[in-house]
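Look for subunit A in each of the two complexes below; its partner is subunit B in the first and subunit C in the second.
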Partner chain A sequence: MKKILVVEDDMPIRNLYKEELIDEGYDVVTAPDGAIGYELYKSSRPDLITIDIKMPNMNGLELLDKIRKEDREIPIIIYSAYGEFTQNFSTWAADEYLVKSSDLTEFKNKVKELLFR
Partner chain B sequence: MSAEDIIKDYQDILRQYNILNQISKTVASTLDLNKILKIILTGVTLGDGFGFNRAFLFLIDRHSKNLKGRMAIGPSSADDAWKVWSEIQDKNYSLEEFLDSERFENEQQLSFLDEKIRNISIPVDINMVIWKCLEDGIPRNIDISSTVPGGENEATINSVKEIEPAVLFGEVKAPAQDNLIQVININDAALIDAELAEYMDYPKFCIIPLISRTKKVGILIVDNKYNQREITPDDIKFLLLLGQFAASSIRNTIIYNDLKDSISALSKLNMKLNYLKDYNEKIIESIPVSIIVVDHNFTVTQCNENCGKLIGFEKETFIGKQINAHEIFIDGVSLIDEIFKVIRENKAEGFYKVNMKINGEKTDEIFDIILVPFRFSEESPEGAVIIIENVTNTVRLETELGNAKKLSQLGKLSATVAHEIRNPLIAIGGYAARVKRKFLEGEQTDIGNLEIIIEEVKRLERIVNEILDFAASREIKFSHVNISNLLLECINFAKAAAEQNNIDIVFECGSELVENANLHVFGSRDHLKQALLNILNNAIDASSKRDKIRICITTDGKDSYYDFPGSGHGGQESFSSIFSGCRTEGEPECIIIYVNNSASLSNREDIKNIFLPFYTTKTKGTGLGLTITKKIIEQHSGAIEVCSSIENGTTFAIKLPLLDI
Partner chain C sequence: MPQYRKDIILDEWVIIATERAKRPENFREERIKLDSAIYDICPFDAGNESMTPPEILKIDSSGKVSNSPDGPWLVRVVPNKFPALVHNAEPVSYKYGPYTNMDGFGIHEVVIHTPEHITNISSLEASRISIILDVYAKRIRDIKKNARIESVIIMLNQGKEAGASLEHTHSQIFGLPLIPAVLEKEIYGTAKYFKQNRRCAMCEMIEFELSQDRRVVYKNSNFIVIQPYASRNPFETWIVPLWHDPNFENIEETKIADFADCFKRVADFFHTELNEPPFNYYIHTGPLHLEDFNVNYHWNFKFIPKLSIKAGFEIATGIDICITTPEYTADFMKQSKVFN
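Moving on to the complex of A and B:
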């Protein structure tokens, strides 16, 4: 079973993603901020990571940067309520950049696509 | 003495009086100092007059007080002398004729002597015979020809023959003994200025002091180097007479010239003043402000072109008339009344952004009007200056700017709001879709999912409410508020919430102020309650289980809070503005409410940001609490500050002015 790490500070959204991804048949671990997200990345060895940008402690871009330094292969989806982050080069290190939406279809499609490409 | 001798003597005397007369007449015709000096010296040297070979004139320099060589007349060699005399003899010039002649005009270049004498400057030294002359007003007839053995230097000056006291006409009462000539042996070269002695190069000469009344002017030295005629007591008598006359003409001329200089300086000053006056008038005319000056009985004494335009009259027809000939109203108040008040109270008054009604006509222009009491001089009664500036354009610009600012704020606000409500919307939408899908798939509805939806809707509501609170300029109604009671109410309310998490709210100090229930502020009870609850709720939110929230209340900003965390000596610095405000005398008494919890703000940035809208570190926070609190406190003329450290945690201080009941 593929394991996905969801790093997201907003609790309802974090739960939503978790439940939806579990329904899709994945194993899901979650973290409420970047720092914990990094620890979980190290300890639980996920196959894919989804990261929110605006988070306390370590923000999504910092986390992305830190993980990429160690692992250039692992698929990472970065998303935010802010569309303007696409302009930020540091988001380019991710495999996918998504703007948050209540319709999770695209999100789920991308996860599948990246895991089985 | 034979009759012939007597006649000759009288003839000589007559001749000399005649020359004196001529000199004085000529001198009287001019006020040019150089010319006067020349006339005198020429008179002294002219064969027709006193007939001395050479004459030298020294004047006391006004600045250095030295005797300075001014002019010398005489041939520079025996040859030259002979030439000059024969010429005068040939043409049989009288002094008057000679003074008018070309020769006199050209004399300037003639003298090599003259050039040299101007470089001689003799400092005051009372041992020197020339200074002695000036000191006692007695002329000296000097002969330094006979040498005294013993030294080269002494050889040049060894004796001074003096007439003492000399005949001073009219001034010094002295026996008219003509031949009282003493011979004194002097062994001091310094008695005659060395430079002067070298320059004279002849051992026999006479020094005449030039003294006008008591004022020392200079000295005149004469000698007969070329024909070596002895200088007689009679000569000296006349020289003294001439010297007196010369001294006073020289002095008068100097005074006259000084006067002339100061007059010309004065007239220059006057020109400058006129220029300044012109300049000021031009400035007053050219500034885009109307200026009216009225005197104590409201007569317009001055006004500028602009003012004419404003009133709708020619400037000239306005000046000299009573200003109350025109009806001028400032926002319905009569200008005259205001001027009257300003003059009476001797205090300036300003009206800003007002409308004016002039002679029944009202414009939609906007003005700043300043009235200043004014008097032309100490003695003149008080008048006033009225300065009127049309600020219509400025006000218009300001309004536009304000609108633009509001718009940009609105833009920023809506952008932030949009982002803030996105998270709950996504959660609601996401869960709703999920519930629907599960339902369609025939699965049992997950109550947890629905609960999240409900929670998130509540969160949205909260955000919207706080935004409304923040954005709406809801009118706040002010009244007397018993702040003691209000504080107690809020604290009890907070205690209930805190208890659930085993958090203690304790009074560190000032509980009596709350219990006595006698502190009042002027404000809105509802708003103040919201502000205080926000602070208390934040403290509860920031506290972990079994933490303490400490409250301290003071009214005078001293003693009690010193041991209070975050408000001790260190804290005092952090709360500087609040403290200084409270300690100033004449300021209303204040209440300061400190609320402290042990959690510190995570970093410096936080302290800067916590009052900004939407800044929150909480998952369910809105980040509007402190923004609203600050706004409310400021609406109550209070202040709010925060300081935070790891040791002392976070302390908020709220200052509110108290009502004096």
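Moving on to the complex of A and C:
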């Protein structure tokens, strides 16, 4: 079973992503901020990581940078409630950038696409 | 006494605050570093090419266009990985009550200026800047084949306050299905001037500035560097071709070195004399498919350093107040060794 690490500080959204991804047949671990997300990345060896940009204790771009220094291959989706980060080229270290939406169809499609590319 | 001055290109007024003019040397200040300085992974560095989409254009280490995806490079042009504008939409406009909207059709490309992690374009030699300018012309000529793209804007953000998100030097190319308001105002402004004076406003300005020698900073065989008479910003600097042509992309290869010579001197001046202020630059070239509409337009290149803040008056009126005089800044620039 493919394992996904969801790093998201907003608890309702974190739980929503977790439930939706479990329904899709994935094993899911979650972290409420970047620092814990990095620890879980090291300890749980996920197959894909989804990262919110705006978070306390290490934001999503810092976490992305920290993981990419160690691992160029692991698929990473970075997302934000704000489209402004499409103009931030630091996001290019991720494989995919998404704007948060209540419709998770695109999110789940991207997860599948990146896991089985 | 402060002075209203008319910008004859935009056909707009600006205010030159002569009495409270700031001394040019006082614009040297400590700068805020980009957040991206804290990141170790730069998607624009050599070795990280897989983090970007495949290139649209690549210049190899001999300065030639390369068709190979591998091998060393000097300049890469790639589409925006996460674009705000998409090329597979239709440029069709829709009415919504009194409003009009259009699908986000367009082209958005990133020009990576160098494989090394260089943060200031002034660190590149003039020969490397020539290659970048030639790449701009090549990309516009190619984009022009798309009849749905009406205009191309090429711009750079350097420094956080100028809007840069990554410190690795790069610029951006936007192909739009419309003519943006500032370019349209310049075209109408020059057309109005032509109607009244039967001459291109920019050609007349060049002739007058050369005869006065008050705001001319530098000149070579093909270009002039000036502080504009109705400057909106301290050290706003224009590089203008001495020959009349509405479109930058028509530039002959032999003239690009002269353009790069002016460019390099201005960038070096900002770096050495103003302590690397954040700045933007952009090329204004005439619309791609409106040759008759364009004929009186004169393409130009502008450096806009971020040395002052637009406040309520500027926002409410559209009238910019420049806190130093272009004559003062021109004198200061001419004294610098980079222009001698």
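In this text, the second predicted complex is superposed on the first by the 117 of 117 C-alpha atoms of A that agree within 3 Å, B and C clash if a C-alpha of one lies under 4 Å from a C-alpha of the other, contacts with A are read in each partner's own complex, and residues count from 1 in each chain.
One rule holds for everything that comes next: contacts are C-beta pairs under 8 Å (C-beta built on N, C-alpha and C of every residue); 3 or more make two chains touch, one makes a residue touch a chain.
Since this is a predicted model, take the numbers as computed values, not measurements.
Colleague: Identify whether subunit B and subunit C fit side by side or clash on subunit A in the overlaid structures.
Modeller: After superposition on subunit A, subunit B vs subunit C: fit, no clash.
Colleague: Quick check for you: in the superposed arrangement, does A:I36 touch first (subunit B), second (subunit C), both or neither?
Modeller: A:I36 sits against neither subunit B nor subunit C.
Colleague: Look at A:E20 in the shared chain and tell me whether it touches subunit B only, subunit C only, both, or neither; answer first, second, both or neither.
Modeller: In the superposition, A:E20 touches subunit B alone.
Colleague: Just subunit B (first), just subunit C (second), both, or neither: which does A:F89 touch?
Modeller: In the superposition, A:F89 touches subunit C alone.
Colleague: Is A:K69 contacted by the first partner subunit B, the second partner subunit C, both or neither?
Modeller: A:K69 contacts subunit C only, not subunit B.
Colleague: Quick one: classify A:S101 as touching subunit B (first), subunit C (second), both or neither.
Modeller: first
Colleague: Considering only the touch criterion stated at the top, classify A:L114 as touching first (subunit B), second (subunit C), both, or neither.
Modeller: After superposition on chain A, A:L114 lies in contact with neither partner.
Colleague: Just to confirm the value: shortest Cα separation between subunit B and subunit C in the superposed three-chain model, in whole Å.
Modeller: 6
Colleague: Which residues of subunit A touch subunit C in the complex?
Modeller: 61-62, 64-65, 68-69, 72, 83, 86-93, 96-97
Colleague: Provide the residue numbers of subunit A that touch subunit B in the complex, in ascending order.
Modeller: 9-13, 15-16, 19-20, 32, 56, 81-82, 100-104
Colleague: What part of subunit B is in contact with subunit A in the complex they form?
Modeller: Residues in contact with subunit A: 419, 422-434, 449, 452, 455-456, 617, 619.
Colleague: Across the complex, what residues on subunit C touch subunit A?
Modeller: 35-36, 38-41, 43-44, 48, 50-52, 80-84, 110, 163, 165-166, 170
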